[in-house]
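First chain A sits with chain B, and in the next complex the same chain sits with chain C.
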Partner chain A sequence: MTTEQTNKNPLIAKNEWFIILAAVVLPFIFHFSPYIQGLLIFIMIWTVLGSSWNLLAGFTGLVSFGHAAYFGVGAYVGGLLYFHFHISPWWGLLLGGPVAVLFGYLLGLMVFRLRGPYFALGTLASAEILRIVFGQEEWLTNGHNGILYITTWVSKYPYYFVGLAIALGSVLTIKLVMRSKAGFYFLSIREDEDAAEALGIDTKLYKNIATIISTFWAGTAGAFYMIYMGFIDPEVVFALHNISIITILVGIIGGVGTIWGPTVGAVIMVLVQELFRSAFFDLAPSWVSRMHELAFGLLVIFVILYLAGGVVGDWDIIRKRLHFKRAEIKE
Partner chain B sequence: MKYLKVIIILVLTAAFALSISGCGKKADGPVKVGVLLPLTGSKAKFGEMEKNSFELAKEKINEARTKAGLNKIEFVYEDDTGKPDVGRAAMEKLVNVNKVAMVTGGYSSSVTFAAAAVAQQYRIPFLVNTGSVDKITEPEAFNLTTDDGDKFYIYRLNPPVSEYASGLESLLREVVKPKSVFIIHENTAFGTKGAEAFQKSAEKLGIKVVGDESYSGGTVDFKPMLSNAKKLNPDMTYMISYVMDAAQLMKQARELNWKPKLFVGAGAGYTMPAFKENAGVASRRMVSATLWHQSLPIPGAKEYFDGYIAKFGGDGPDYHGAEAYAAATVVDDVLKRCNGNYDAATIKKALDATDMMTVFAPVKFTSYGKKIHQNKVETYVVQWIDGTLKLIWPKDLANAPFEYPIDWTKIWAK
Partner chain C sequence: MELFLQTLVNGTLIGGLYAIIGIGMTLIMGVMGIINLAHGQIMMIAMYITWVLWQFLGIDPLLSLFISIPLVYVLGDLMARYLLYPLMEKESILPENQVLMTVGIGMVLVELARTIFTSDYRSVQTSYSDIVWRLGHISLSVPVVIDFFIAIAFTGAMFWFLIKTDIGRSIRATAQDKEAAILMGVSAKKITILTFALGSSLTAAAGTLFLPIYYLYPDVGPIFTLKAFVITILGGLGSTVGAIAGGLVLGIAETFGATYISMGYRDAFGLIIFLLVLIFMPGGLKSLTKV
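After this line comes the complex of A and B, so read on.
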């Protein structure tokens, strides 16, 4: 991590250019089926959400258990524009982020007074409150009937590239921020908030900056989800388990406090879930498909026990294991 | 930065594996038909009954098809887990990966509606057999008009939720004559729309609605809501719930000793064998709207009911199973009339021309009001009497007399 923060390195390293190029070019060469495109788009969405959570939790030490709040608000911005005024939800893509930031700020007024586990519980509660309010206030949100939007394109390619742009945008802004002075302030807040304060860092300001960036991308991910899926209801977008918790797990599996960790986590999460859900493409008996959540849970337990830094954070350990070298493993 | 290679390797392996799995389609194999059902999650009981019924129908259909030298039908089941977003992904998988000729099934209203939009977009005929919210067969909800029948790919063989209580209305008018009702419903599409429809029925019958409360599925403690209802002392209560909540509601109503003249369910959870098993004593004399009963004079209904018990045991299916079995036979009939040409347009034409009898009800897709491609179905009333579901209304079709008035103290005693 520290090597990534020296400003001499270019913002996008050679390897990263390679990935970006591959992501742009491969769809033209291989002509992925819509099914694979769908999986790739979900990887993008989880990358954005995971990265956004990671900036707050991994780099700034503010472990949020309620990222669904910002995701859901972002999704509902486009959804409500369409539902009430028949305005294209694509506008939500522009407005979802800023409105989520506004919500994040308002929630922050409450939850930033809390620290550690109390902060986590505060964020969890705020997402749950939004879920219930959006479910009950039918005049505003259509409640549990949800909002249905006939999506703009049947083909998934356009969504793939929009998703890719958002994913890259989120990862690169976070990388950029983490190379700046603000990034070092975030880390100092994570390591010891009181000490950072004593050194003259305006911790409240920098916590707010981290929140703004994080909620912006979470809201944008939500807005994109609305446009792509064409259906939202409060149970889907404010889900504690399906959004907030999975976001955390994506971060943990990939590597908390690493730039590319959430991306790797998103890839692993989507692939493992889909492999099991489809019963290894119907090669395995069908009861395997009922295990998809169990499989992912076991993977998380394994990562927490043996690779506390996540796949990216503990890459050295994995590499040594894969090469079957009996090397000293630093803890 | 070596770990970046992991991403590439993972993505490429996946892409490769997936592209292989996409192959292997035989031109002369069975006709693939997708079935969207909740096979896991809180609505799995319904999904299980419907899947069993599809399998039961498949045996018979394929036997007849082999004799006639036709392609067999293969049902490809996809689990929607009772969630709209998963249902949409499942529908996409059926269309893109399994390349099914058409799709049927569709259990809960919200999942069916969300998935129907996907079918409509891909122009794949979708024969809904249970999802009941009205807008599923209203082209307006999909940015079309009622004149766009040739562009609208959704068909439904079950009645919409607004018509569930039509059979019940005459029972209330002629026998029970309640003055007031308390409505309890799940806060989903099915629940809210069902409650709205019953409010209208109540107005028509001159019954005063003294309260209308909603809850979220999976609630554990209904007692605050039920005590509130008890205080208002309505003549009857009308409840719209899936099966586990239905059992909880009735158990807790009994514990609170709430004794209105009549407890009425809106079908769904209240006619399921699992309701009786879970609610136990509290299920006794519960009345429910229903869309079907095995004792109805419909050819094949009794045979289907007995065949189901013979194969899967238990108390036998309720209307959900009959809907699924009927959907399978409609699919068979429709595909036969396609003469081996299974493209969406031909199947759609065959669906339009459907006019047949099934174990559930006659099936013919008509237009009325805002709806098109909608089958008209009579509705009935059932009551749990001595551990079995008896058809009590309309009187000329009933296989047991309606037990009323009910002495709850005696009935609810162990």
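After this line comes the complex of A and C, so read on.
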């Protein structure tokens, strides 16, 4: 996969240009309803979060179970600026990433001593501690009442394009990094950290670089979420299940350690959940709508069991299966 | 002083229940080498089983131990056999694949419960729920005391099983050195599945015992999953004695923190201890005693 990429290839391949162009032009042609725009914006947010997790976990082998920490910090930067100083949360979009990076670095000082499951648990615990602290310190964060902000635009189109820019930014940065020398160092750390260290790679430095890029995009995603939704509270942005875990599942479904995996995962996650939430657009009985997360969970189990590389990582297997079946029917 | 003693007693009683959750987790961690992020969710399933038995058949939670534990044992067996064990033999990019599978399982269990029982809060009111004993100035809630002693009984039984029986010895051997255990003729598959089922049924026991004390709702699980791995890390990986000590320490630390510092931070104390232990004492309490 990644080893095949050489610097001769253009950063954005032809079919990728096609998708980007479609994402930019189609809204002008078809005038999506606000409902569809909303879904697309959520796909963007999950793409950013999933990609940022994937850089850390899928490429560098640092499986974080606490990405909500960076997402939440990013969201609260804009939120707190608005809450205390009445500064537009749009500044959060600029500052959310860097503050999340700073925060991720401090956290890294602690959790980088840990490996494997311990690292997972350490990050998970950090995010949970933040959730509780942000809920309790009402003088700073307004606690569980959250922070409310009247969104800048009523129309969702501007948010769509901001979201698209952020999503593209995150995916392309990661693609760029993975083509560079640092990318190969990341992979070597994932495969065998001790061996990488023995070969003279400064593993600590490169783990920090991966974290900086990852936390920057996670924080930016959080800041964008704040601007778009206009409301945050600790239970939402620091959620263990709804942010940290779903981020991981988006990465897994799409394909761990692939550039476009999290994007595909985000599309699948949002579509599957929405299909069930709307009870297949009211075609199915209403109790189906309660199953939206159940359906996604079952899909995750299926993917882990049979497509360990995710939809993108195991695309060849999926394609072969499909072709094989088609051939069988023809005979 | 009375407040101090009262807090200590409450913490110890809750700690006894935490201990059996912790033992279940530490067994699974020791043998399978994974963190089970569905642990609390399995406990939640046991709680719902108990609640259904109480609500529709009027069976006392203490009696339903005999039903909930075997049911969850079977559930654990099936999950380990068909979902977790197959992953052990597969190559994947992330070694954490089994952990991620437990995340998926946990999510499905929670959502199943939500689909069937909705998100409403449930509770069980037994005839002895509200009885309180008074020892001097200290009050003891009867259901909590009963639960504590049953938990001790379970812990004792588990010890006997692990130390005296052949299967128990195989489990300990696999936890200590998997390769050597396999060479000695222990079936890794059998022991893995057995351990997961056993760990699940221990946490099921805890869930059933917790029900008269706690509210029940589909999202109750994750809190206990977190507590379970705090206990496990605190006690030292794979150490049963450590899990008991860890359970007691967590119970006492939580109640003291809630009483003297802040109620809202109750669930944070365990996590903070957990991070400190991970960083400064990676071996857990086990490393202090060298047992």
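In this text, the second predicted complex is superposed on the first by the 322 of 331 C-alpha atoms of A that agree within 3 Å, B and C clash if a C-alpha of one lies under 4 Å from a C-alpha of the other, contacts with A are read in each partner's own complex, and residues count from 1 in each chain.
Throughout what follows, contacts are C-beta pairs under 8 Å (C-beta built on N, C-alpha and C of every residue); 3 or more make two chains touch, one makes a residue touch a chain.
Only a predicted model underlies this, so the values are computations on that prediction, with no experimental measurement involved.
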Contacts of A:135 with chain B and chain C, given as first, second, both or neither | both
Looking at the overlay, what does A:118 touch: chain B (first), chain C (second), both, or neither?
-> second
With the two complexes superposed on chain A, say which partner A:290 touches: chain B (first), chain C (second), both, or neither.
-> both
Figure out whether A:15 sits in contact with chain B (first) or chain C (second), or with both, or with neither.
-> first
Could you tell me if A:308 is touching chain B, chain C, both of them or neither one (first, second, both, neither)?
-> second
Of the two partner chains, chain B (first) and chain C (second), which one does A:236 touch, if any: first, second, both, or neither?
-> first
Which of the two partners, first being chain B and second being chain C, lies in contact with A:168: first, second, both, or neither?
-> neither
Give one of first, second, both or neither to describe whether A:268 is in contact with chain B, with chain C, with both, or with none.
-> first
So the chain A residues that chain B and chain C both touch are 135-136, 290
In their shared complex, at which residues does chain A touch chain C?
-> 57-58, 61, 63, 110, 113-114, 116-118, 120-122, 124-126, 128-129, 132-133, 135-136, 190, 240-241, 245, 248-249, 252, 256-257, 287, 290-291, 293-294, 296-298, 300-301, 304-305, 308-309, 313
Mind pulling up the chain B residues that touch chain A in the complex?
-> 1-8, 10-11, 14-15, 17-22, 39-40, 79, 83-85, 88-89, 92-93, 96-97, 110, 113-114, 117, 120-122, 133, 141-143, 187-189, 191-193, 216
Footprint of chain A on chain C - complex, ascending | 34-35, 83, 86-87, 90-97, 99-101, 103-105, 107-108, 110-112, 114-115, 118, 219, 222, 226, 229-230, 233, 262, 264-265, 267-268, 271-272, 274-275, 278-279, 282
Taking the complex as given, what residues does chain A use to touch chain B?
-> 13, 15-16, 18-19, 22, 26, 30, 32-36, 38-40, 135-136, 138, 143-146, 148, 150-151, 154, 229-231, 233, 235-236, 260, 263-264, 267-268, 271, 278, 281-282, 289-290, 311-312, 315, 319
